[in-house]
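Shared between the two complexes below is chain A, which has chain B as its partner in the first and chain C in the second.
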Partner chain A sequence: MSLLTVSKLTKRYGRGGKTLAAVDDVSFHVEPGETLALAGPSGSGKSTIARLVLRLIEPDGGGIEFEGDDFLALRGAPLRVRRARLQMVFQDPLAAFNPRATVARVLDDPLRIHGVASRSERPRRIAALLERVGLAAGLAPRAIHEISGGQRQRVAIARAIATKPSLIVLDEAVSALDVSVRGQILDLLLDLQHQERIAYLFISHDLGVVRAIAHRVILLDGGRIAESGDARTVIDAPQSAVGKALVAAAPRLDRSRP
Partner chain B sequence: MSRLRRFLRTPEAVAGTLLLAVLFAMALSASLLFPGDPQAIAGPALLPPFQDWSLPLGTDRLGRDVLAELFHGARTSLAVGLAAAAAALVVGAIVGTLAGFAGGLVDEVLMRIADAFQTVPGFLLALAFVSVVGPSLGVVVVAIALGTWTGPARIARAEVLSIRERDYVAGARVIGMHPMEIAFREVLPNALPPVLAMSSVIVAAAILTEAALSFLGLGDPNRVTWGGMIAEGRTVLRTAPFLSIVPGIALVLTVLSVYLAGEGIVETTAVRRGLS
Partner chain C sequence: MTALASIRDLSVTYRGDGIEVTALKNITIDLHAGERLAIIGESGSGKSTLALAIAGLLPLSSKIEGSIEWFSLPTLDAVERRTPKSHSGQNLTPLLGRDIGFVFQDPSASLDPVMTIGKQIAEVARTHLGLTWQQAYAKARTLLERVRLPDPDSALRAFPHQLSGGQKQRVAIAAAIVAGPKLLIADEATSALDTIVQAEIVVLIRRLVAEDGMTLLFISHDIALAAELAERIAVFRHGQLVELGKTAQMIDAPAQAYTRALLDAHIGLDAQPLLNRSGLNG
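Our next item is the complex of A and B:
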């Protein structure tokens, strides 16, 4: 059974009298412990899909099944409880946190909300989470705006794994990072997937990164699926027009990468 | 520290703060320097200022010590002004946050209520409220807050509307935070700076409204108020103008100092926000 099954998902936006389908009849599934990449140019609907899957916006049609349950049928408290299993990492690690927050508070929230650890136990859990993502436990009292972008994205990952999710949506999670930090974060994500069998829905416009991390890829164009399949097969020999354009647009796609 | 230095470099802010400090000192020391009832008769009636140094500012129509009244009046003015402004800001921020964050029907209902309050002039509203409920300090505070909360509510709502689309609010939803906690712990504190920027104007307006209510005899009758003193002096305006002038000057200085100090604080924090 698939971890996440998305079927015929549709989201329309009205703009100046006519409606525009941001996501048009999109179906896919994610298996446990697998990385599925959603790639495509700007406006192809990939971030809208991420937000639909996370129930941050509501679809106009279609279904989302998560861990065997109809995810769209959940609301209120049961939805909030289930959110522990489905987490997200945002593109801009500065915008993703309350500007007034400290590292400790950011990590304390999910532990408290989902009752993962008691109040007295939480500082230890926060230290363990920071170490798990390769940060010093001493970072906890620092304000979010005081740490570097790479450290912030590690904190975002620590927050995402705090409640032991089975799926993490990574919305352009490494796009805002510089190249050396990007490699480290990708290594961390691969390591976490290996250890905890977390599945990723990896959203990116960068096919080089997609090829390095994803098992399968779906190429989107104008809200529709243009092409899908094994990540390396698709990226090495794209069949669709949008796939060819994306590969051609990547300046120096490293084909020798493992 | 640099914020304090920037504040100190603004002369009008420093002047406002010093003046405000003096007024606070007056209010706090009122019952130490002038123990007993300030409304008790202290000497001959209508004694002009600077004649008898035990009564430096003279006495009013009933022989009450004007200086003692002035000190005790500072207490009422500042207490009512600050309490009413605080109430208006708290209610306004909460209503604005709820309206902006919840959206839809809640937003419509709350904002139409705000409209209803805004269409009635604030002073008339306060006047009507005090006339119906009866004058006491708490009622005056509520009456003034009734006419003032809509401004902060509108600003808070506008700010919340922009904040609620930010990633960190989506992030709070993703980790399963309750909407009320998101509204009041994640959104409200970040929506506050522009709301607080209004506070100096609101406090100043509240002090004036209190004085106007007292002038019309709708202040707390058991307390000395500057507005009441001006009204008292009005009857003998030709023979003893100082009775109206002295509390009038006190009122002007208070409103001015609140405004200058408040603007100074806003200015220095605004620069800090602009940089970050």
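Our next item is the complex of A and C:
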């Protein structure tokens, strides 16, 4: 059984009296421990799909099954329990966190809210989470706005894994990072996936990164699936118009040295 | 090679709350007239500070040392500007908008949300070229055609929110070049756009710079994108110039380890997958 099954998902927005389908009849599945990438140009619907899967917005049609439950039908306590298994990391962690909170506070919240650890146990858990994402435990009392962008994204990942999720939605999670930091964060994500068997729904406009990190890719265009399949197969020889346009537009570094 | 400007020992320090942060340290670079020069670096490298220093846009509180000497520019009298003093003492100071066009990362922040597109471009033409409003609007329409905005007549009357991000950046470019500047500075001008629109804007910038014989200063964090557009690349790190050279030489035989590290960090369509495929089944 798939970890996540999305069937005929549709989301419409009204704009100037007209209705626009941001997501139009989209179906896909994510297997445990797998990275599925959603890629496409601006307005292709990839971030709307992420928000629908996270239930930050409600769809106009279609279904979402997560860990065997009808995810859209869950309410109250059962929904909260299930949400611990489905986490998210966004592009800009500074926008995602209260900037005046400390690193410890940001990590304490999910542990407390989801009852992962008792009050006395939590400082030790926070230190372990920081260590797991490659940060010093001494960072805990620092304010979120004081630490670097790369450190903040590591804290965001630590918060995401605090509740032992089976799926993390990564929405342009490495897009704003410096290239030297980006490689380290991708390595961390791959290591976590390998160790904990976490699946990723990896949303990105960068086909190079998608090709390097994803097992499978779905290329979106105007809210619909244009093409999907093995990430390297699709990106090395795209068949759809949007796939060809995305590949043609990717900056190339033609290095003649080995 | 004719020089457009000579930057000598330029240092910039930002001051505030009793803290001093040195953003640029002893930078010496010549801008060649008509060249496409890319400034590459990560966060905190000083690349945007250099762009602001050249454009005279540094905050009043900043401390500027060194000099930027300009050649073949109209002389300005007593214009209050934030540029380093010229060695020559001839007071050749470029005027932003007329001699230097500046395109920022976020076109929504550069454009006035309650002014029509036509007026925003026409205003620049009127100010710097001494045109009447009617002439300035005609000029604005020509510019909207040159930046390939579909339906330029409707676009003249449109407001920024009615355009897509890529279209807004085309308008910002039109406003930047309407007065015929010698130097166009693009500071991460394509970084907020998706890959397809980014490629279109790079093609547009390349064409406009060639047609008007402008010098281009292309500020970017993306060394691959810079290599596609620029003839020379300067790599910055921690406020210092690490290396400067012709694009092919910088890509194929960089002298500095940091340049090599930036090149190695690029994840292109031909990169080795990072993925350990056994992770899925294992």
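Heads up, the rule we're going with is that the second predicted complex is superposed on the first by the 252 of 258 C-alpha atoms of A that agree within 3 Å, B and C clash if a C-alpha of one lies under 4 Å from a C-alpha of the other, contacts with A are read in each partner's own complex, and residues count from 1 in each chain.
Note that in this section contacts are C-beta pairs under 8 Å (C-beta built on N, C-alpha and C of every residue); 3 or more make two chains touch, one makes a residue touch a chain.
Here the structure is a predicted model, which is why all the values come from computation and not from measurement.
Q: Could you check whether chain B and chain C clash or fit when both are placed on chain A?
A: In the superposition, chain B and chain C stay clear of each other.
Q: A:P110 contacts which: chain B (first), chain C (second), both, neither?
A: Only chain B; A:P110 stays clear of chain C.
Q: According to the stated criteria, A:P41 is in contact with first (chain B), second (chain C), both, or neither; which is it?
A: After superposition on chain A, A:P41 lies in contact with chain C alone.
Q: Once the structures are superposed on A, label A:R152 by its partner contacts, choosing first (chain B), second (chain C), both or neither.
A: It touches nothing on chain B or chain C.
Q: Contacts for A:A84 in the overlay, against chain B (first) and chain C (second): which applies, first, second, both or neither?
A: Only chain B; A:A84 stays clear of chain C.
Q: For A:D187, using the defined touch cut-off, is the partner it touches chain B, chain C, both, or neither? Pick first, second, both or neither.
A: Only chain C; A:D187 stays clear of chain B.
Q: Angle chain B-chain A-chain C between C-alpha centres, in steps of 10 degrees?
A: An angle of 80 degrees, rounded.
Q: Going by the touch definition up top, name the partner, chain B or chain C, that contacts more of chain A.
A: C
Q: So, A:L54: does it touch chain B (first), chain C (second), both, or neither?
A: It touches chain B, and chain C stays clear.
Q: Now for A:A96: first (chain B), second (chain C), both, or neither, which partner does it touch?
A: In the superposition, A:A96 touches chain B alone.
Q: Quick one: minimum Cα-Cα distance, chain B versus chain C, in the superposed arrangement, integer Å.
A: When the complexes share the chain A frame, the smallest chain B-chain C C-alpha distance is 6 Å.
Q: Quick check: in the complex, which residue numbers of chain C touch chain A?
A: Listed in rising order, the residues of chain C that touch chain A are 42-43, 164-165, 193-200, 221-225, 227-228, 251-253, 261-263, 265-269, 271-277, 279-280, 282.
Q: Can you list the residues on chain A that touch chain C in the complex?
A: Residues of chain A touching chain C: 31, 33-35, 41-43, 149, 178-180, 182-183, 186-187, 190, 193-194, 205-209, 211-215, 232, 235-236, 245-257.
Q: Would you tell me which residues of chain B are touching chain A in their complex?
A: 166-168, 170-178, 186, 189-190, 276
Q: Quick one: which bits of chain A touch chain B in the complex? Just the residue numbers, please.
A: Those in contact with chain B are residues 51, 54, 56, 80-81, 83-84, 86-88, 90-92, 95-100, 109-110, 113-114, 145, 159, 162-163.
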